[in-house]
Amino acid sequence: MPAVQETVEQVRAIDIDQYKYGFSTDIEMELAPKGLSEDIVRYISARKNEPAWMLEWRLDAYRRWLTMREPDWARVDYPQIDFQDMYYYAAPKSNAAPKSLDEIDPAILETYKKLGIPLREQEILAGVAPENRIAVDAVFDSVSVVTTFKEELKKSGVIFSSISEALHEHPELVKKYIGSVVPTTDNYYATLNAAVFSDGSFVYIPPGVRCPMELSTYFRINEQKTGQFERTLIIADKGSYVSYLEGCTAPMRDENQLHAAVVELIAHDDAEIKYSTVQNWYPGDSQGKGGIYNFVTKRGDCRGARSKISWTQVETGSAITWKYPSCILRGDDSQGEFYSIAVSNGAQQVDSGTKMIHLGKNTRSRIISKGISAGRSQNTYRGLVSAHRRATNAKNFTNCDSLLIGNACGAHTVPYIESKTASAVFEHEATTSKVSEDQMFYCMQRGLTQEEAIALIVNGFVKDVLQQLPMEFMVEAQKLIAISLEGSVG
Amino acid sequence: MVMNAITPIRTPAEQALIGAFGALRDSGPASAALEGLRIDGFSRFEASGLPHRRVEDWKYTDLRALMREARPLAGAPDASVLLAAKVAVGRLPRVGGSRIVLVDGFHAPDLADGGALPEGVTVSDLAAAMAQRPEISALVTGQPATRANIAFALNNAFLTEGLLIEVAPGTELGHALDLVSITSDGAPRLVTSRIVVVVGAGASAGIVETHLGPAGVEYQKNVVMQVVVRDGATLEHGRRQIEGDQALHLATLEASVGAEAHFDSLTLTTGAAVSRSQLFVRFAGEHSNVTLRGVSMLKGRQHADTALVMEHAVPHCQSRETFKHILDGEAHGVFQGKIIVQPVAQKTDGRMMSQTIMLAEGPSMDNKPELEIFADDVACAHGCTCGELDADLMFYLKARGIPHKEAEALLVEAFAREAIEDFGGGPLAVVEELREAMLTSVTEWMRART
Amino acid sequence: MSLLEIKNLTAKLADEDKQILNGLNLTVEKGQVAAIMGPNGSGKSTLSYVLAGREDYEVTDGEALLDGENILELSPDERAAKGLFLAFQYPIEIPGVGQMTFLKAAVNAQRRKNGLDDMPTPEFMKLVNGRAKELGISPDMLRRSVNVGFSGGEKKRNEILQMALLQPKLAILDETDSGLDIDALKIVADGVNAMRSPDRGFVVITHYQRLLDYIKPDVVHVLSAGRIIKTGGPDLALELEAKGYADIVGKAA
């Protein structure tokens, strides 16, 4: 395990950054050989003792990936990624199948504690009302180190585990659903993920069950030169409900690290999935050095009638964000929602939005996107709303607002609105403006400093979206936005 | 010839266009001024071929699929063609003052009508002007975004003649120029025309283009108009695209608007099987305003695309873009609009709206209203709506005894009127005539629905 | 020492050349209510914005001393912390920002600058609810976003509420009567009168005498073309109402 301390010190010396989660954990890791090949795919599959069909599925994806080209349509600019110059598998050595928390490396537990994510159930239980409990799947580099409250969830029939574990314990469910929303052929990064994904979370909510607590996965990239490729699969069976939250951080390093995840959601008849993300990967320094390349494919399939999938995202991190959480509204009367706050500062580049594909009758969707660009960042909303011939009475409402802070950044809106049905009603509105001078003056006349005034006005600007987050995360997200914008006014 | 290691697979239309260019070149040299344009245009076309759906700007108008064949180039009209054109043009009510007529893309001075050109207006040969005046040459070359466009490149490649219309500084025209561009009957051909309009400083002018041709003929037309509105000038520009039902119509309007200037453009589209109206408008001076508007009424299997780029390159300018689509049958409407605000263009005010009404189950509409903003002190917005006629309004009208068809017509006319109503606003008498003519077209179009 | 002393204040809009304030002199004593009246375009609102520190204006000459300290170089929030309050003629709407959040941010910003800890929430709630009740501000208004969806009268009452919470040394009321019906006017005037004290000064800017029936001024100044052209007692306001501005402005010119 190479010493990373030096890098950390170098990065720390760049004092402009406000990133709170930039520490790294010194821990002995097992790494796959560097680079990507069929052998690496086999290595990952073997490390996880996967069934033969899973290996074939991966190899199939890998071979297809070799024939694909990196997409270039997004408004993001970055040097060519050398896919041979990174590790595709990194796991803490001590983590060989821990049976309980006591077997987990204390350094890892300490890491999560520092991130504000306690993993010891007794620590969580102390002073937390049962309804406010959150079950956590903690993913450290390529592996899930622990999943909390599993036993308690099992009582109501909810399966919440790492996807590696689910492959052994519920292979029929994994086999049935994996790749059914984001096929292995979907896009460059999703196909790469299918070949090399190492871990992620698996959730199954049985029919009629309302998941008794919030579920969440906390992703941490720690190792150098490592890509993180996790895969999440959530299935809400008929009439069930689940709220799921994803958080992510990484150390400050002056190299770029790749994160290419895939999330698949399936909602059957009358089921509802609420998926929230607070994305706070290391964004790089203010000069654009370092930071995570975040190329993520997230898609929900409202497969059943009257099903509902709601995406909420607060994006403050990553050097590059390329992500379009989408809904396929297949079931009649199904609903899709997308609420997004994307904050960019420094040299960050964000190209994010959603797709609402209306296939079923009487389907409804709603998009509220708030982009805030500061520094020298570029922030793009890119979205598709489409109604197919059969999607009679489809309805969409889209509101996309952008706020600019400073005159060196850019804010862009690229919506595609496609209707093949007369009875579909689509409404789209978008605005771009700067923080109002009148509002600033009013706040400052009442005694608020410039930074306080901006934070207050920006929080007002994003309120509609913040309200969609589970209460505990709303406050966190609010603080995170303020921190991300620090130093944006001179 | 560009030597490529890989020879791209050419469609029959592309092969025909390449052949036509060769034939044109062999038929004798164009003027030196046009020669450069032609070669530049052709090499751009040759390098990329006809645009298809993977080319983002042509995503919804796959020209490679829609233009299966390329028609032979139209030659200069002979006496009998001119005579037939004269009759056809004569039937078209004049909107404006002096009428200038193009037949198959060639200027036909003998068909001019409506009296002599007003004082301060000159019409001359573009190639001659380019040879003598570098500023005209530069203008014809086009802005970078226009030059990168393949329809524009093809227009360059097949240019044999162009027209320069100049309005002297300070001139105030009472009537607009009535520009009619007609394609003659007979075997289908490819018509190319190029018009450059320069409105001098402080002048105020209007120009109305009408594009028409025979029904049932699969002719192809590629027209380019390049406009310069100098400081303090006003130009009101109307456009009626009433081409024959089988036609392919590609139109490019490029405009550069100077300081404290005003440019207002309104396009009515009802004709052609496949059409695309491209607008590349750029503010070159401060404190100016531009309004771009359009009404497209499509039926059957018509396809019409409006693709506009509104570039704010200087501070303190205002732009408004309002486009309406009324779709019937299995028609396909497309609106792609982009407002670009460059880093220096502070205090920009830009608003774009695209609205669609579908009158049947079959049509489809694709919208892509974009904002690309690099300056912070701006107020920009776009909106987009798409749907059927408001059911509550329809019910209300019918409850008052108005039959279904009439109620539809009333609401559609009101919908179209929003884009047409405040067109112009300058002193020109023609603006009123044009507005009326366009509203009448809307009414007639609704009446003709069965 | 006077509470406010303005000496030869000259100012213009930052991106225009025309001077709006032309060597204005004005003194306001502690405990005094000074009315400033003047025709449209005389520079009344400019004076209030320049004193509060709006960036669109450029001070080209002169000074303004609050308790003997020149405030013209300070940022708006620093002036607010020194006890200067402006009740806006057109209060600004801030969508998404709750009234309570805003009021609390303002009260605590002031406390922090004066070396105090943040006010505990229960105490703050009690304070706001009490003041709001006096001004006829409903609990519903306190739940909404700042000034969003408020009527003209509600916005003005909201300004007075903020003034009551911040307890300024010097309050400038910019055309607080505009857009108010008589009942709202009384409520606002009562709110102001309740705050009159020997330590506090008011500058009441108004076009009409009406407001001064309810907020009795100690002194009336007439502003014209960016200067105070006449100063008198409360009677001066009545004289202006009767004769109009043209007369007095004409004489001064």
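Letters are used for the chains, namely A, B and C, taken in the order the chains are written, and counting of residues starts over at 1 for each.
As a convention for this text, contacts are C-beta pairs under 8 Å (C-beta built on N, C-alpha and C of every residue); 3 or more make two chains touch, one makes a residue touch a chain.
Just so it is clear, the structure is predicted and the values come from calculations on it, not from any experiment.
> With chains as vertices joined when they touch, what's the shape: line, ring, star, complete or other?
Topology of the interface graph: linear, an open chain of contacts.
> I need the chain pair with the most C-beta contacts, please.
If you count contacting C-beta pairs, the leading pair is A-B.
> How many angstrom lie between the centres of subunit A and subunit B, each centre taken as the mean Cα position?
45
> Indicate the whole-number Å distance between the mean C-alpha point of subunit B and the mean C-alpha point of subunit C.
The computed centroid separation for subunit B versus subunit C comes out at 55 Å.
> In angstrom, rounded to a whole number, how far apart do the mean CA points of subunit A and subunit C lie?
Whole-Å distance between the two chain centres: 49.
> Please name which positions on subunit C make contact with subunit A in the complex.
Its residues touching subunit A are 52-56, 75-77, 79-81, 85-86, 88, 91-92, 94-97, 101-102, 105-106, 109-110, 113, 145-146, 162, 166.
> Where on subunit A does subunit B make contact in their complex?
Listed in rising order, the residues of subunit A that touch subunit B are 73, 402, 404-434.
> Note which residues of subunit A are touching subunit C in the complex, please.
436-439, 441-450, 452-453, 456-457, 459-464
> Provide the residue numbers of subunit B that touch subunit A in the complex, in ascending order.
56, 343, 346, 356, 358-388
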